[in-house]
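We call the chains A, B and C, going by the order they appear; numbering starts again at 1 in every chain.
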C-alpha cells in the first residue's frame, strides 16, 4: 500500500496508488475544452490529480505537505459521500502546475504522505474517529479548512456524528484553541454521518485538544463494537 | 440490543447504545465556543445527543416520545446519507435542556423507544420499506416532519424510490389522509434512494393509509429478493 | 435477470425487475394529491415508474429508447447517491402518459434495454468506468443530459473521480467532440465519487472518444484491484 508504484499500466499519466483506493495521475497538457469547463487558469498547462474512495482529512494534510515542497497550487478540492458505505468522504484533488514535473512531484508527495496521514483514522464496524495535526499549516489547509498559514492546525472528527460532537466538546475544553470551521451531517459537508471541527492555536494547545478528542472517541467506539483500529501507525 | 447500558466506558457523558449503530450521550455544560458556532440558545446549558448510522424515521418518532416525557426541546435534527450503503439515512439529533438530568432522560427514552420504532423498518437485500405511526404527534414530528401537535401522523417510505411512490399512491387511496410533506432522491432529502410521504388525518385513517402502503411494499420487495424481514417486532 | 417478469406479485401495477435492483411499475390513475405535490401535468393520468439502487447512465439511455417507442414523456429524472456503497448513483425515473398502456410499454422497454445498457459499466473492487453511446439521442438525453435531438451522444464517467478526469482528457483528445455537460463530486451530482462528461458530435467521433475513455480507465483500474469486469455484454 501507499507508495509510488513502478509504472504498472504503461501510461505516462499514471503516478501511483495509495490507501483508501487512492490513485494519483498527471496530465501534461490538459485539453483546452476541459480547461474551459473547469475554469482553470491558463497558466496551469499541467495537472496533478488525486482521487480516492475513502478519505478527506488524510488527503488534505498530505496535499498540504505536497504544496509545501512543489511549485503547485491546489485548484480543486472536492469531497464525495463514499468510504464504500463507511459513513465518511471520498475526494477529488487537482494541483495546477506550469510544468508536468511539478505536478508529478506533488502527486508523489501526496501518495507517500498518505501512508502516515491515515494513522489519524481509527475505527471499528460501527464508526470511526479521525484526528489530524500539523504544527505548520500551508496553502491547502488555509484555503479549504480554515487554517492560518504557518500556524498549527487540527482536525477533530467522529462518526456517528454524536461521537464527533462529544470529541469537539472534550477538545475545546482540554486546551485554548479556536474553532475555525465545523461540519455536521446537514451542514458544510456531503451528508456524511460525521461531526467535525477544525481548530487553530499554538501548537501545544492544538495537539492537546486533538488528543483529548481522540481519547474520548476511542472509549465511545468501544461501546458500539470491537476494539477500534488505526488504518496506519499514528504519526503524533 | 437497544437499551440503556450500564456505563460501559466510564464516561459520565455516555448514556447508552441502540439498534442502527445509535449512541446516546449527554454534555452537562456545553463549551461556550460550541454553543456559539451551533447557534444554540444560551438557556440550554446541557445537551442530549443521539447519533446513528442507520435510521431517521425510527429516531424521529422515538425523539418525539422523549420530548413528551422530558423537559427538553429538539434543537438540531439533521440526517445523513448512510445506512452503511443501505440506501437510507443516518442522523444527528440534539436535545436542549436546562438541567443535564432532563437531557439524560430524553436520551434514555429515545434509546429505549428505538427497540419498538425499528419495527416499522422491513427490508431485504434489494431495499426496504419504512412505516411509522402515532395517534398523537408531539413537537419533534411537528417541527421537522409536518405533523399537527396532538394529532395522528404517519410516515410512508420505500427504497428503491419507485417502491415508495407506489406505497404513497396506495396509502392516499386507502383512506382520507392529507400529505403534509414528501421527499424523493433529488428533493427534500440527502440524495437517498427513497420516496417518502408524511400524512395527517384522524387516527383510524392514518393507520389504514400507512398499513396499505406497507402491504404494497412487501409484495414489491418480494419480487426483488428474499422475504422482507422487520428489524424489530412491528408496533402497530 | 432483467426482463419483464410474469406477474410475480399479483399486482397490476407491477411490470418487472432488472439489474441494479431496478423495479418497474405503473399507476393507471395517480391520486390527485400526489399529482399536486409532484406538480405533474393533469393530462398525464398514468405514470410509468422506474427506480433503482444502482445506475443512472444505463437507465438514462434505456429510458431514452423507451420514449422513442412509446407515447410518453419523462417528467421526473432524479438520481441518488447509492450503488450500495459502490460510489455511484441510484435513480427515480417517471414517465407521464395519457394511457396506462403507454406507460407500461415505456417501463417494459426500459427494463429490457437495461440488459444491454449495463454493458457500459465495467468495474472492480476499487471503482468503475461507465461509457454510454447512441447515434441518435432522443428526449430524455436531450432534456437531462445535454444531448441534441437526433444527434450522437456519449457519456464518459469514472470512479474514483481522478480516473474519470483522465478518461475525459483522453476522450476529447481522441476525436472532435464537444463537452455539453460535466459532473464532479461537488458539482452537478449527488456527491458521488465520479467525474463525468457528456459529449456530442458526429457519430464516428463520439464513439471514438468514448472508446478512448474506456481504454484509459481499464488500464488505470487494473492498478487498483482485480481485472475490471463488465456488468453485461458491451453493446458497442
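Just so we're on the same page, contacts are C-beta pairs under 8 Å (C-beta built on N, C-alpha and C of every residue); 3 or more make two chains touch, one makes a residue touch a chain.
Note that the structure is a prediction, hence the values are computed from the model and not measured.
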Neighbour overlap between chain A and chain B returns C
Fitting on CA atoms only, what is the rotation between the copies chain B and chain C? Please report it in degrees, nearest 5. 120
Centroid spacing, where centroids are CA-atom means, of chain A and chain C in whole angstrom: 32
Two or more other chains touching the same residue: where does that happen in chain C? 81, 84-86, 190-191
Contact set on chain A toward chain C in their complex: 5, 8-11, 13-14, 17, 21-25, 27, 30-31, 33-34, 37-38, 47, 49-53, 76, 78-82, 84-86, 90-92, 94, 190-191
Could you list, by residue number, the parts of chain C that touch chain A in their complex? 81, 84-87, 126-127, 159-166, 168-169, 172-173, 178-179, 182, 184-187, 190-195, 197, 216, 219-220, 222-225
